[in-house]
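Shared between the two complexes below is chain A, which pairs with chain B and chain C, respectively.
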Partner chain A sequence: MSDKFRYDDDISKKFLLATLLWGAVALLLGVLIATQLADWRLNLGLPWTSFGRLRPLHTNAAIFAFAGNGVFAAIYYSSQRLLKTRMYSDLLSRVHFWGWQAVIVAAAVTLPLGLTVGKEYAELEWPIAWAVNGLWVVFAVNFFQTLRVRRERHLYVAIWFYIATIVTVAVLHVMNTIQIPVSFWKSYPVYAGVQDALIQWWYGHNAVAFVLTTPFLGLMYYFLPKAAERPVYSYRLSIVHFWSLVFIYIWAGPHHLLYTALPDWAQTVGVAFSLMLIAPSWGGMINGLLTLRGAWDRVRKEPVLKFFVAALTFYGMATFEGPLLSIKSVSALGHYTDWIVGHVHGGALGWNGFMIFGMAYWLVPRLWKTPLYSTGMANAHFWIGFLGTVTYLVSLWVAGITQGLMWGATDIAGKLVYPDFVETVLRIVPLYWVRMAGGLLYFSGYLLMLVNLVLTVRRAPAGVQDEAASAPPLVPATVGNLGGRPHRMLEGLPGLFTVLTLLAILVGTVLEIAPTFFSGGFAPETPGVKPYTGLQLHGRDLYVREGCYTCHSQMIRALPAEVKRYGEYSRAEESMYDHPFQWGSKRTGPDLARVGGKYPDLWHYRHMMEPRDLVPGSIMPSYSWLAKDKTDFEIIARKLAVMKKLGVPYADDDVRLAVEDARREARRIGRGLEAQGVKPGIEDMEIVALIAYLQRLGEDFRKGGVK
Partner chain B sequence: MSAKEKRIEEVKSTGHVYDGIEELDHPPPPWFVAMFYLTVAIGLAYYAYYEIGPGPTQGQELQAERRKEELAELTSLAASGGSKIPSEDELQAMGKDPGRRSAGAAVFSTKCASCHGNRGEGGIGPNLTDRHWIHGGRLTDVFNVITQGVPVKGMPPWGALLKQEEVEGVTAFVASLAGTNPPGGKAPQGELVEKR
Partner chain C sequence: MSLLYLLVPMALILGFCFLAGFIFAASRGQFEDLETPAHRMLLPESTPPSETTER
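What follows is the complex of A and B.
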């Protein structure tokens, strides 16, 4: 007796269309901000179009809207077929879909408005972040209930990867979004300084692992053999690389923090596990490529297979480059440069993008029951996209390595050869143009795909229905029917499988992160470190709001050339009250950890109004609105109260008198500026708070409060 | 695919089929297994070297680098006979040397003009063309201010960033600014110095 049922194809269509739409938005934003780095005028002088605000929108759109919706399309389509059942609940599927799109729209509105937590890829403010957590629960319930009502005893490897994705993203996202609200659109993370940095990069690195890798491997394991009509090469390889990948990936986060104030041991652990990651990552590539044995003649003709082969190759390249960049001496050169941006785009454009394109070209004709409009256009898309990706990668390799070498260059007397930071920027601006051209090519290919797919869908026959299927119901598990080998038995027990997966990712998580909770976040009590004044704290929030951290680091690494350029390397204690930390990950501009006192207030004022007045050739946007927008002094008291709750040592009086104190400090700075010709009334403006913050950076160290 | 390959595949099948996808039972390629063990071994060795063995901490690494540089500086100083601080007379002479002055002008326009104006008329920093000086009007004073800066007042120290001959050149250029009286000059600051 077979059950008859229909797959929910409508939900796969919905997610697929969403991917295609948001992908265009993400890419367009990417091209725009790439151009802004080549020519600052494209910041347009408006707050909501400036680089610091749009860059988070681009990354969030690419990861959560483009890749995210793509992953959901793949999971909803393939899981139903692999489990021989319709999704457990159509309603939950739709709540997931519409909720996710609502989150994306909310992000698209709030990020340009400057409403951000200021942690990369976790920028969304708490109401949205927690909506994401809620939606993830909806998705997880729907998925695991579907596992329960399945008609296939054993779980295919694609499903293993989906399970790992759902479980781990839940742990990562919840852990990294524990924040205390100050107002509806402003919150502070509970972690600070080193601890915040470690948790952030544990999250950030594993967002790459569990949003951009594991679900895509699952996707590959379904769509590649389907498209190639070939059996999967090695079941045993699947087992080995699944478990090793899941277990090892979670440890590698600290390789984002080499030579920083993170304790040495944690850095070394991060490097060691990054090296071990090569083989587990390559396992997926190898299994995919070997699955194509006997189908290579078709790769030449079929765009779907071309995209998959290129994607796996880029994946292999990126997962070799990653461990390479984790080695301390390579990180010393490459970190903070465009090499890292190139590295991530090898994955994003080459791996994630191409996997989704391959999937879309395969899926649209099947979901809409009509052949692809034009194979020629799809082939053209492949070559344009490929050329775009290679152009992008090569330009940023050259840019990153050039700039890294220039930063580190010293002459025989030990002096920096390029002491002016801007010199190192001007050298790579031409490469920013080349990168932009690469991005534009990639985007053109994308548009070609959209046209092709729209024309395909328009030819779809009327009244296409959800696909019908039938399968015998699941027989209860017995030792006999679970299969002989232990892993085979495990594949028949989703509950146990899920628990083991969770344990695999918790080992690294707990061993790396738990120590920060017992050691005061690795920062010894240091009375010499003073909390920010209310005005400085408010200025810091403006720094976060404007996304200055997308171009500036605040973490001087323990490297000779860096210490020469910026001053003594940063100590853990210096950021112990920083909720969130602002160490940054990219130096499009110089490090700011010790910029306080380097210039007079007037310098900062004029620099923020128009950087090129003081530093010819600078590519920093101008921030003239900061001199026009009034400081919200009233909120400062609430900010201090929340910080006090988080353990920052403010006295009750600091909180009570916060507003008056802030006004007094603003008046002092404002008067100084006015005496030198700045227009009267400047003390009420936001620029003064920002200057207060900038001048404060590194002060504890200068005053001898930190050793 | 040849008939032989097909037969091998039948033998190799696990018998698992999911939605038409069959899984074969090839062993993982040996080179893959070797790479796996090797990278795990390298990872463990890396950890052991730095955390158990003699590998330096990043603090020690930095210190060692600095010591090496100090030594290199000393030897290069010894080799060059050491560059000594120029005297007032030497600086005065440089101030009259057009070569020195034009080299200094180039440094001035990139490093100093943002605060002192293109022609030294002042702006964020004081006017350098008048006869008033905060830190003394002798050229050795000027040389010292440029080298050491006045960090609390926002005049950066240039000693670590510029070569000595560049500081000398820019001092010569500042000397040449005296009395040029450019338009838009900032009001005088500091003490009046009648004669240099």
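What follows is the complex of A and C.
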């Protein structure tokens, strides 16, 4: 009657080891770029070690390499056991594993080389991005086929969270990676300006929701009851908060765009749903914490439970802070500051990191059939990691709120109290050191865990086999028909369940994004808005390549102090030809939306060579290589052709004469610089294209082309 | 503002679908037996063959 089979534990081990390896890389990069903010000299003066290129590598490594592999380890381990079957295909599992590692290596090579789309957490250029889409299909096929061949009719709550993850990430990633290639390593997104911003933050926020939240809740619903040896507090609550979470999360993206050129109604929808999110989020936290009822004495002794309890508490904090920051008046203060960076790390270090640590300490002894080498070391890791996280969070709360208040401070006459941006930076540099110390602590704890786990694995008996199991097969006729009770029926029908989940997330998607297609991206055709010249466009790509958007915004919010500091607030039309948009999300340096014409060309040249010559105290890296690397003029014609295809109104002649025009414009700027003492031949260098772009910013508005 | 002519009907239709789905689920006992699954996942992974013959 009963089938005998073995779980594929090897694949769980592989993903777990990859998690531990990439986690170290992601954290080390984090400590490095945190130190770069505290002391600019750590940028080392090299292109591939400068902050703008390493920051995307850090975020991608943390999200997709560390958390991603951790999630896969959890899914492969728990799904097989919950479904009472081996994964459908060992081959697909391995294609998924090795493919995912190859993508990570490709990211680690291309991002420091400056090959990037320039959209946060979606930086990977199109060949890698589409490899991710393909691998996701491999993973999905393997997972859903495993559901089909399962031996347990009922789908446990963790499985639901995995389904929501797989389906939603597919929709998000495909939608946000629709790009037209210019060359093998350069592409432009089909969306522009406001529409691109809305799609990007719909993607960006839901990356938080469906890579860093739903799979981790699934993980929590499996590993926490297992470790606590207690059933989840309320199975009913898990159902209610699952459905409400997936339905509400998908709408919250616009809270990243408050007071911007995004239409007010879309902002309000985003705020309303973000506020609602606290209920399903706290549903998960409460369900997790109350699962430990009657087991709190064990939390004192067992590091696994310590990590889970702290993770859930950080999750509760982050999901309280998120809705708080989504309130418009709080966003006015916190947006663009380090408060947001702190908020993200509350989730990443506290919630995702600690969940993975708890899982690793529980899983390694079971997968390798060996007791943990040292419980004491694991407890030490907990306290070091906890102290590191708190140090990190508190320093950035203080830094963010301090800087936000300084930006907005006006005196009785209505003048800015701190008109020099660099003044507000210098005030928080000491806190950058504290933040770095917090990160370093967290990293030290991590290393302690690595030592502990390596020593555990080394003591493992030779020839540990995949775990054997047995379960009666499901009679095919009964699949999907569990005595007519719809709820059980729903759980017995993975296909239907998937469709319903998809429907829940598509509602938010369609309602928020569809209108942008019908309304010309929220920006009416405006003759006063001119497309970039070829050289400016090329300079814009250099701006993207160097990751300038990681520290500079191009979106002046409609707030009095902001308008005083940077000029008239940004209009939707101004970025209507921007593929991709470069509104940014963080102001480590000032906003650049209206920087064009503010300084002479020579100022920009000298500033890029050595920022501190012109802005004493500046923490910006120097970009001296831009004066040594030659501009690739030939590619400009192809760039304009692609832009024309995307609907940017270039004439045929603009494309045909693109290279000549660009050379002429470069000569004009180069001659001007040479006349002021810059070395001859500068017109052929990349710096000239970048200056052309920077001087162009805000020009349409300045010339009265935008109302 | 012409967007509202598209948005409001879409919101109403989709909202109605969800409401209908919820009423259907609730009236058909969607929320019954929410105890066993939580306990079942705690059972040991491998059970001796003799215990696995029940349906």
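A few comments on the model shown:
In this section, the second predicted complex is superposed on the first by the 698 of 707 C-alpha atoms of A that agree within 3 Å, B and C clash if a C-alpha of one lies under 4 Å from a C-alpha of the other, contacts with A are read in each partner's own complex, and residues count from 1 in each chain.
Criterion: contacts are C-beta pairs under 8 Å (C-beta built on N, C-alpha and C of every residue); 3 or more make two chains touch, one makes a residue touch a chain.
What you are looking at is a predicted structure, and each value in this text was computed from that prediction instead of being measured.
Within the superposed three-chain model, A:419 lies in touch with chain B and out of touch with chain C [touch as defined at top].
Contacts of A:2 after superposition: chain C is touched, whereas chain B is not reached. Once the two complexes are overlaid on the shared chain, A:457 sits clear of chain B and of chain C alike.
By the touch criterion defined above, A:222 lies against chain B and chain C together after alignment on the C-alpha atoms of chain A.
Between chain B and chain C, it is B that contacts the larger number of residues in chain A. In the superposition on chain A, contact of A:470 is made with chain C only, not with chain B.
Of the two partner chains placed around the shared chain by superposition, chain B and chain C are both touched by A:236.
In the superposition on chain A, A:280 makes contact with chain B only, while chain C stays out of contact range.
In the superposition on chain A, A:558 makes contact with chain B only, while chain C stays out of contact range.
On chain A, the surface patch touched by chain B in one complex and by chain C in the other comprises residues 81-82, 152, 154, 156-157, 222, 225-226, 231-232, 234-236. For chain B in complex with chain A, the touching residues are 1, 5, 9, 13-14, 16, 18-29, 32, 35-36, 39-40, 42-44, 46-47, 50-51, 57-59, 61-62, 65-66, 69, 72-73, 76, 110-111, 114-115, 124-125, 151-154, 156, 160-163.
Chain C meets chain A in the complex at residues 3, 6-7, 10-11, 14, 17-18, 21, 24-25, 28-42, 45-47, 49, 52-55.
Against chain C, the residues of chain A that register as touching in their complex are 1-2, 4, 7, 81-82, 152, 154, 156-158, 222, 225-226, 229-232, 234-236, 239, 247, 467-472, 485-488, 490, 500, 503-504, 507, 510-511, 514-515, 518-519. Interface of chain A with chain B (complex): residues 78, 81-82, 84, 152, 154, 156-157, 222, 225-226, 231-238, 240, 244, 259, 264-265, 267-269, 271-280, 282-283, 286, 290, 294, 323, 412-416, 419-420, 558-560, 563-564, 569, 597-603, 606, 613-616, 676.
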